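Each structure below is given as structure tokens.
In the two complexes that follow, chain A is the common piece, with chain B as its partner first and chain C second.
What follows is the complex of A and B.
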């Protein structure tokens, strides 16, 4: 085989870089950001918007000259909602020189990536997972969460219910048989009595939750149990298709007419889009970002307009907003650090305040948790084409709901 | 509490019949081809999507709802014939392990194709107005629940009669028992197998069409039922329609009472039943006669 001098030099430099363990980070080409999210299976309905939010943010950045003069390229990988698949994808991209990662839906997947981020010398901006542990007992230095989390979201739901429904004092709940179900329930059981006491000076009762399997098809026993218990309000901890199935069967058996309010930890618009005109009255759903609450925010408005132009749909999921926020955080941190190395980015992200789709966001220096707004939207049936409508929304500053930063220590509700 | 126990019993029967509707095609295809079809849940899901594509969220009438389920059965039956011709038949001479992996590949293919054709949104489909009502018989039941039980019983009776009393059913059983001997006596083995596989897959499509209003419709629908259907086929005795019917009822009742009496551990009793039956009666409740 004939080897030219140029090929020989290129090969030798490449071999030397590999032998010395240097990642092959290109300094002049586009900045590659790894988007790890779920693109297959049922959860892809959330992963695709998350990816889309990142792509829109990257496109806008590139139109404005990129980050530190370099174009931004989003490299997407499907994690299939499985930690092992996600870790393999991150290792593959890290080996190819990518040192910035964003996205992820499921908390176990986020936990797995945060666990290897330091080892691989990469930074990971989580744009959806809600597990309390990620910024508490399982905190890792190279992990940042750019959205609210379970404790904030459910505390906001508790405050919202105490504010808007002071007369609903008997509560039931349905949660999945999983850690996330129990942790959201613990937050609700702590928050609702606390806010009722503070705002209305009255006691509330919360029954033991009805626990159901993930992916269950039959919720009739759960509905029957909730109907036979004397409750006015129901906290819904199940999400996605399970939540649709529960509300579908609750409507058929009359539970939705019996209770005064449902509050869900959050399925964005999915439930209303599925149930259409059968969407129950007084159904509140948590959102990562509700565009309608930020009509005066230019970042939010630009993202919304771009989404509508790209898709024709007028109700973007909150996951789009959080994908967008992750890339905005990277761009702001890079501009601050003027350096794209992992160490510089981690340093710049700690305590960083930037303008996102929900207004001002601060990544708390101690535990890397975003201090930002929490959004809830009230949905109900409508005679219009969609069959459902947004009848109210609730936007609250989540700073005082985030609890104290306790990296390395589990959150306590007391 | 009495009302809740009665409701759990009634709901267990409904759940059992829903599981049987899915398990019927699964056990039939095992009886004929001796293959565990991993893709069965996906074909069931495709049936549900086809029915939804025809009726939309609110089927205009019961006949239209049944028509959609019938179309779903025909479409999925045709897919079954294609699957048998293109894949399963070609693997009939190799070890069953290969066929098992092939059906897993078909599952992935079906799930991907469904996503491409129908998208990934979650849907809620409702029963036609005549079934979308409740009756108070001491406990609150929906007409649709009663409809599911009736469908389960009808499918069971038709399959039992068809396989054990009709001329065609006896031919199918002959081919399933000893295809070589069936060929020697002049039966058209491949054609009989093909028709039987088509019927098995059509049952999956029919179940999808009939059960589409029983829960939310999403890409995970197939997996939701598949595990309980597999359990019923194993516990009932591989290839036995009667066994699948009885086992599905048992699982439905145990699942239902599990959620009432052990609410913090949903779904665990079913697995205890499965383990117990496998240990005590590994051939299943209604094993194939030899």
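What follows is the complex of A and C.
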């Protein structure tokens, strides 16, 4: 029985010793920034680039002397796309003295972290989630979004479709059964008729969306429903692995040949990278950052060159750009505030304008939403080595698409 | 008094002292995880109550954990003017009622593999229902739940303080653990053991097997709901993951790891799993690999879990001692 007592004491003492808390915010040593993103499961194809963007930004900052003379260290945790796992990770790191968090893909994860950020006295820079609610009805003051969001991106998609495809007036849609799906759909239903009216003076019809669950793998029913409806264009609100699955089955079942255009809220290059030669024609994908649209931007070019040097791949995802942008925003805010406390950083981030991979970005003071460009890229199949190609792109200033800042109040489309 | 009867209370006391000292020794992040470990331990204890004492292996136990969590979360999220303690009680009662109804239907005939499949199917149905209910946040769940302040008139307990909430959970954990131990150590526990070992013989002796099983299933459901009802405000979030098959597997893994044959096995297992997850948190995928590896090790080398392993060591030592004493006497 001695063994049991000894091992128990040893385990308890060992656990306590290892876990002993660090001082709240260390004033020396590296600045630790918590990267919360998805590194396992289907969405890891988007989370890994997001993390990589942060690492590259940190490395470049460190080469130039760090932030306020201190080196930057990215501490990464996998959120598994689950809000409760993410909350546990944030609590763990916050308890360990980390007060700056960045990253996150899924809107429910972002919402969960945003909800506890103030209580934990941490600042959270969201680098991908699109839910309208995050900067509207669920706005929290320690939350910042450094990328575009549903209202901006889907408005851009609507304008793009009205501009480039004036004759495509009968639309269908597929969305996930989640807040993000409903918020993208609401924007599309508002934006597309509006821009068609303005630009082409004609009416459009949009069918009720086909709703699927997150992580669905069988899209045959959804594809059949869309096949049997009289539509020329399809708006895709599902993303990541789900979007790949949908488009793959849409190709097999003939939907891709039937419709004239697909426009997606966006999985950057992931769909084309996964589908290769099976990438549908006339497929427009939203991008957090399309490097090809910023050949003259030194920040974008430096990130692109570093990515190519590190990986050998020539098509960095936009998620890399947004991970990078989050760290750039922290560095700029810290330089402005000359202080790394949460309060000082929140104050400095409000209304901050900085140079990111998409040029000038302003974090709107009222609702902490980034006013920045919105990017769309047209992808299609190709006979080359990749099996797919970029055939066109669209870059537009998202400032006038962002809608009014209404923190605490849901966005209204009227 | 022999060594073992003296050692067990000492180990338990040391465990309680370590839990009580935790807020002074560890950071808030780890304190949160220890809180989760206590809630998971309660959850696992409730599962093992069915498994060890009534021979019922439920594969959908997370349904009750989720029901408790969602009930409290909905009350907090939608601002129903109900005191927190009443909300916890109500959530536990809802879990108990649902468990009772499920037990009435499911335990009609099924006890073995049918029970496992039926409970799994039912839990997935409940999950699906929640994922289509706007009031419960559909797939997104309910997040940003405010932690409550308990007003007792003459004093208030501010659970917004992580340390205060931690002690609140600790007291709840201690009460549930002690209460259950008292319950299973008594006459009722022995009757239940008889039901598990040979239900036909127990029935022949006059034990109403079905009624006993329904009672245990209901009690286990209530405890799981209680743990869930504390977990939602502690984590400040509830999502459909809380009632997924993966979460249903957690008490089983904890019991398997700690040892189903011992009352304390699920507690040891739940803390063990949290420790493995904590130490592998920076290695993506390693935690699942480690848990899998450890379970394989346990199943092959120590089938009665960590608690059983220590028990085996104790017996071996006693045997050696007795043998050497005999030699000495000769």
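In this text, the second predicted complex is superposed on the first by the 391 of 414 C-alpha atoms of A that agree within 3 Å, B and C clash if a C-alpha of one lies under 4 Å from a C-alpha of the other, contacts with A are read in each partner's own complex, and residues count from 1 in each chain.
Heads up, the rule we're going with is that contacts are C-beta pairs under 8 Å (C-beta built on N, C-alpha and C of every residue); 3 or more make two chains touch, one makes a residue touch a chain.
Note that the structure is a prediction, hence the values are computed from the model and not measured.
In the superposed pair of complexes, A:213 makes contact with chain B and with chain C alike. Using the contact criterion defined above for the overlaid structures, shared-chain residue A:335 touches neither chain B nor chain C, since it reaches no partner. Shared-chain residue A:94: touches chain C; no touch with chain B.
Shared-chain residue A:177: touches chain B and chain C both.
In the superposition on chain A, contact is made by A:84 with chain C only, not with chain B. When the shared chain is aligned, no partner comes close enough to touch A:199: not chain B, not chain C.
By the touch criterion defined above, A:41 reaches chain B but does not reach chain C. In the superposed model, A:253 lies in contact with chain B only, and not with chain C.
Within the superposed three-chain model, A:228 lies in touch with chain B and out of touch with chain C [touch as defined at top]. Residues 40, 177, 213 of chain A are contacted both by chain B in one complex and by chain C in the other.
Across the complex, chain C is touched by residues 1, 3-5, 8-9, 12, 15-16, 19-22, 39-40, 76-78, 82-84, 87-89, 91-97, 107-108, 111-112, 114-116, 119-120, 138, 140, 176-179, 213-214 of chain A. Those residues of chain B that touch chain A in the complex are listed here as 3-4, 7-8, 11, 14-15, 18, 57, 111-112, 115, 120-124, 126, 132, 134, 139-140, 142, 144-145, 214-216, 218-221, 223-225, 255-256, 259-260, 263-267.
The touching residues of chain A, counted against chain B in their complex, run 40-42, 44-45, 48, 177, 208, 210-213, 215-218, 220-222, 224-225, 227-228, 240-242, 244-245, 247-249, 252-254, 270-271, 273-276, 278.
Of all residues in chain C, only 3-4, 7, 10-11, 14-15, 18, 22, 25-33, 36, 131-132, 138-141, 143-145, 160, 235-239, 241-242, 275, 278, 281-282, 284-285, 310, 313-314, 317 touch chain A in the complex they form.
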